[in-house]
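Right after this note come the structures.
In the two assemblies presented below, chain A is common to both, partnered first by chain B and then by chain C.
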Partner chain A sequence: MTATEIIVEAADATPPRSTRSVGAYLLIAPAIVWMTLFLVVPMAMIVYVSFWTQTTFKIEPKLTLDSWQTFFSSSTYISSLWTTVRIWLTVLAMTFLVGYPTALFVGLFVKNKTLQTTLLVLCVIPFWTSFLIRVLAWRPMLGKEGAINILLMKAGIIQQPIEALLFTDLSVVIGMTQIYVVFMVGPIAFMLGRIDPNILEAARDLGAGFWRILRKIIFPLSLPGVVVGAIFVSVMVLGEFATSAALSGRKVNLLGNIIVTQVGSLKWALASVVGVILTFIMGVVIAGLLRIVDLKKEL
Partner chain B sequence: MESRLLKPILAVYVGLFLLFLYGPFIVLGILSFQQGPEGGPQFPIQEWSVFWYKHILGLAPPSRVSPLPIGISLTRSLTLAGMTMVTSTVLGVMAAQAFRRNFKGKSAAFYLIVLGMIVPGVLVGLGSALVATTTGLERHWYSTAFATHVVYTLPFAFLVMLAIFNRFDASVEEAAWSLGVPPATTFRKVTFPLIFPGVLSAMLFAFTLSYDEFSRTLFSSGREQTLPLAIYSTFAVEIHPNVFAFGVLTTLFSFALLTVYAILMTLSVRRAKRVAIQEAV
Partner chain C sequence: MRAHVAEGSVLRLEQLTKRFGDRAALDKISFSVNSGEYVSLLGPSGSGKTVLLRAIAGFEAPEEGRVSIVGEDVTRKPPHLRGIGFVFQNFALFPHLSVFDNVAFGLRNGGDKRTESDTRRRTLEMLDLVGLNGLETRGVHQISGGQKQRVALARTLVIKPKLVLLDEPLGALDANLRMRMRVELRRIRERLGIPFLHVTGSESEALAMGDRLIVLDRGAISQFGPPGEVYEHPANPNVAKFLNCYNVFDGSVQGDAFVTNHGPIPLARRVASSTPAYAVRYDRLTTRADAGAGLSAAYIASEYLGSAIMHFFETPDGKVVELEHHLSNGPPDAYEAGRTYRLSWRPEDGIAFV
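On to the complex of A and B.
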């Protein structure tokens, strides 16, 4: 979040000393080489292999559009593309709706610093459990004989257990919202915490009601936080496959799940096609979100 | 005034929010004490027992539920996390140290490193698996998976160290240099003790991220499973409360790790204070 700020400040703090820039290159070189070899080259490889020829178990570097045609002519793959977009948009909306009030409370209403830190730490603690265990923990919650159904039946709200809770779109959305909502809360609470209380007081003194202040002042000022949170959530949800595998009973197939199945049957070329499409979607989403606010200016 | 009413409403909401975050885990904790081996992964608890904990540790009598392949995969995961921690912390400290000066391509270098935490694991894993298959390299948890883990954890270590150096008072280093202390000794005796809390945080980040990482590992580790992969393989089959018991144990392990971190942190802060006081006297 403060990355650009850090660069700018670091650049300001140290006057250019050309004699020592050789040392800087030596220090940065290992990291650059590592990232190039193990990140840039593999990503380029995905693009390249998506045009290779796939035989039953092997891929050959004969360039072809076959795998691309396979993807776009199959209704299974196209529908998984739409499922991915649908689940992503739903989870994005849910993390925002569920997370914003929490961020509002933590960032704006809690004046006590200790309480503020405690609440934020409470939000982060679940991350100290294995991600997969947290996903799996939803099964005994949502199942037909799960905790939620038992509680609802004991309370007399429902007579029959709700079966639609587990192994549906809904369970995937619930699971992902719980796992990723904190990435929305953090940046928004950070931006809200920086709002000058005098502005809010001035608005109140001039007779603005809370909703008007929220709409006209608080929300616009928190927008950079929303965008940063949305980028975090989007990137993670679009690359997901474990939550859908564990909570949908293989009914919800995201692009990530397609990649896993294709690699499992050694269909490298098709997996690469899906990888390129996923990367493209992610690029478009991030670029689109960054157009909403100028993060360099705002942070 | 509306906002006077709003605050208690929001407070209740945040309480519910925390319940949403913790609820599944509480249920999981309760169900880990399910009777075994017949008891399933759901309510009601037939009889409270620690059967599944014994099952995890290999102390339970053999039953139809096969034990989780934890022993060897745990060793692998810990070794891998250790390797990743050391490598990404060293590279991260070096890169952040370089960023204290100006050089051409600085912002390009910044984006390249940070890219490692943005690109989803499934893509990095796929890419490195492709590179390995096409070049005929064998995939192992200690080679290909290790490389992708560092790609993921290095940006975190780097950003933590950037933040630390950002608040760093360079005049102490300059004082050492002007007294004729060679740069390497200055780094060891002056700079490193001062940035040590940051180094600890970077190490903690790298270790826990790697220990829990699986989407990168899935394609890049070959046949020998790490711990998260062993858990992932239980997704496909029927789950038993042993996975829940394991979840409780692994959480306790994380907290133990956090405690060690907190103790080391307090010690290093206290030592820094003591040095400061001695200097003042």
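On to the complex of A and C.
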């Protein structure tokens, strides 16, 4: 049940209509004020600014499509749009492929509740260090003389160090997957933990093997968790710039990196254009994901 | 205790033992269920009923003993290879599937490849048998408790198990529905001829439904026999207590009498038992004339049960004694609260466990 439903139902008990609606609106008022001030107004502002006229050193509130034209006519910007989409989809797939089995293990196979919580906390421990350190720690791992190359060479699997490990799409994907996988694991493990063990036993009793139970029972029941996890990961990856800056040697330019550069050189109008495009993509992605399941019903 | 092992039975347990830590949840359970038989399993909460069913179905591995299905030892086999259907107490329906898909689930698993039209036909047949026609496309959240119960049953029966285990199948239903489902369960089972092993915490359900009745107490079988026999001749004081129709008094045998705190009671029927006690059925007590055996107790209250009325009395040392008056025997006597009455019964109606 959502918060507004609770409010409406609670308010139902008070008979006079007028006090009822006034009371209900009073409850929601702080949230509305907050959202208006810090979400709606800034968003409207960004859309507005994206139509302003930008000259080298200053920006004027004279409406023009110039910045939009600049964005869509530049192959650099367009290709960074595709890079963003490509990295996002890859990281989304990777966090799912790594996260789902992990969640399955934690949420379903670990029967002891204390151990379950401990394992989930372990997933969160990397967050006790700063973002930058977590990202930069991949450099000595993936570099030409990094740990992975040394290990592979010692083991005689490769003769030459693999250079493609660092400063490529691959290193960015590896870095992001490691950072964001926990946001996939959490919601999925939560949904899996809620599955009644009797349901799985019933399925076993009816002759279903492990894979069939996974496909027909466990996965559908955990789907809301997958969707919530995918939303978390998507929103964070689409807005990313730091991981790609640190691990790609500036070769992978995401929309987030462009915003940073443009803001850095005071190109507010173009930065706003990219911001609007990014927000639009996120909106479409979230709306699309929410179509898969009815979260209101499931949670 | 007797061993209840017969040849040619559908289910046969031999010395089945299951421990959690050093506590035995099941202690050397042996009995068998014959084909076409309806066996009810009665026991107080925590007596091991669920563990027993789970061990039979293969969800718990017993430490000792054997489980055989139609002569085949299945002790080490996984649940789905045992040919046993399990109906869970909370139904355990697949929440994301429709009524139809819930029932068809087992058919679609089969190693034997069957066509979708065959699956469809058998599923619809089964839904028809349990009285759920027209609800195929509903989600399992959109049906009533009784209907969920039927889906759970249909889902289990559709794969033609050799034996069906039901764990308090009616426990989640209200009293009215429970009565209707009792009749339904028996009808469905008679149509299919599959043996049922039905766990229940309700003595009236156990007595009404079973061809035979197992009484389980602290992981061991106290008694196994036809309901009438168990009801009339409880094997020990605990069985008499679970049946919820006996006044059971503590005490000991001295000469020709069973001596309780409430005075001596003449002995007629003796049953060997490890703990001494004296039991007499609620409906054998009277306050009208002295029938030979008896005690004095103060009247507390009455409870109207429809066809009978229960009168509650209390002895001076605080033991509550129940007297059941069947209304077919005329209107109930009027008692005065707090007044002491002489409750009596014929000596041959009492059972002395010695």
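Throughout what follows, the second predicted complex is superposed on the first by the 260 of 299 C-alpha atoms of A that agree within 3 Å, B and C clash if a C-alpha of one lies under 4 Å from a C-alpha of the other, contacts with A are read in each partner's own complex, and residues count from 1 in each chain.
Methods note: a residue touches a chain if its C-beta (ideal position, glycine included) is under 8 Å from a C-beta of that chain, and two chains touch if they have at least 3 such contacts.
Just so it is clear, the model here is predicted, and its values are computed rather than measured.
Q: A:163 contacts which: chain B (first), chain C (second), both, neither?
A: Once the two structures are laid over each other on A, A:163 reaches no partner at all.
Q: Taking the superposition as given, does A:202 touch the first partner, chain B, the second, chain C, both, or neither?
A: Touch status of A:202: second partner only.
Q: Quick check for you: in the superposed arrangement, does A:133 touch first (chain B), second (chain C), both or neither?
A: A:133 sits against chain B, while chain C stays out of touch.
Q: Once the structures are superposed on A, label A:294 by its partner contacts, choosing first (chain B), second (chain C), both or neither.
A: It touches nothing on chain B or chain C.
Q: Of the partners chain B and chain C, which touch A:105 in the superposed model: first, second, both, neither?
A: A:105 sits against chain B, while chain C stays out of touch.
Q: For A:60, is the partner it touches chain B (first), chain C (second), both, or none of the two (neither)?
A: It touches nothing on chain B or chain C.
Q: Could you let me know whether more residues of chain A are touched by chain B or by chain C?
A: Larger number of chain A residues touched: B.
Q: What residues on chain A does chain C touch that chain B touches too?
A: Comparing the two interfaces on chain A, one with chain B and one with chain C, the shared residues are 209.
Q: Across the complex, what residues on chain A touch chain B?
A: Going through chain A, the ones touching chain B are 2-3, 6-7, 9-11, 13-17, 20-21, 23-28, 30-32, 34-43, 45-46, 49, 59, 61, 98, 101-102, 104-106, 109, 119, 122-123, 126, 128-134, 136-141, 143, 145-147, 150, 178, 181-182, 209-211, 235-236, 238-239, 241-242, 245-246, 256, 259-260, 263, 268, 271-272, 275, 278-279, 282.
Q: Help me check something: in the complex, which residues belonging to chain B touch chain A?
A: Going through chain B, the ones touching chain A are 1-3, 6-7, 10-11, 13-14, 17-18, 20-25, 27-28, 31, 41-43, 91-92, 94-95, 97-104, 106-107, 109-110, 112-116, 118-124, 126-131, 133-134, 147-148, 150-151, 154, 158-159, 162-163, 165-166, 170, 208, 212, 214-215, 218-219, 228, 231-232, 235, 239, 243-244, 246-247, 250-251, 254-255, 258.
Q: Name, in rising order, each residue of chain C that touches chain A in their complex.
A: 57, 59, 78-80, 84-86, 88, 90, 92-96, 105-106, 109-111, 155-156, 159
Q: Please output the residues of chain A touching chain C within their complex, sorted ascending.
A: 196, 198-199, 201-209, 212, 216-217, 220-221
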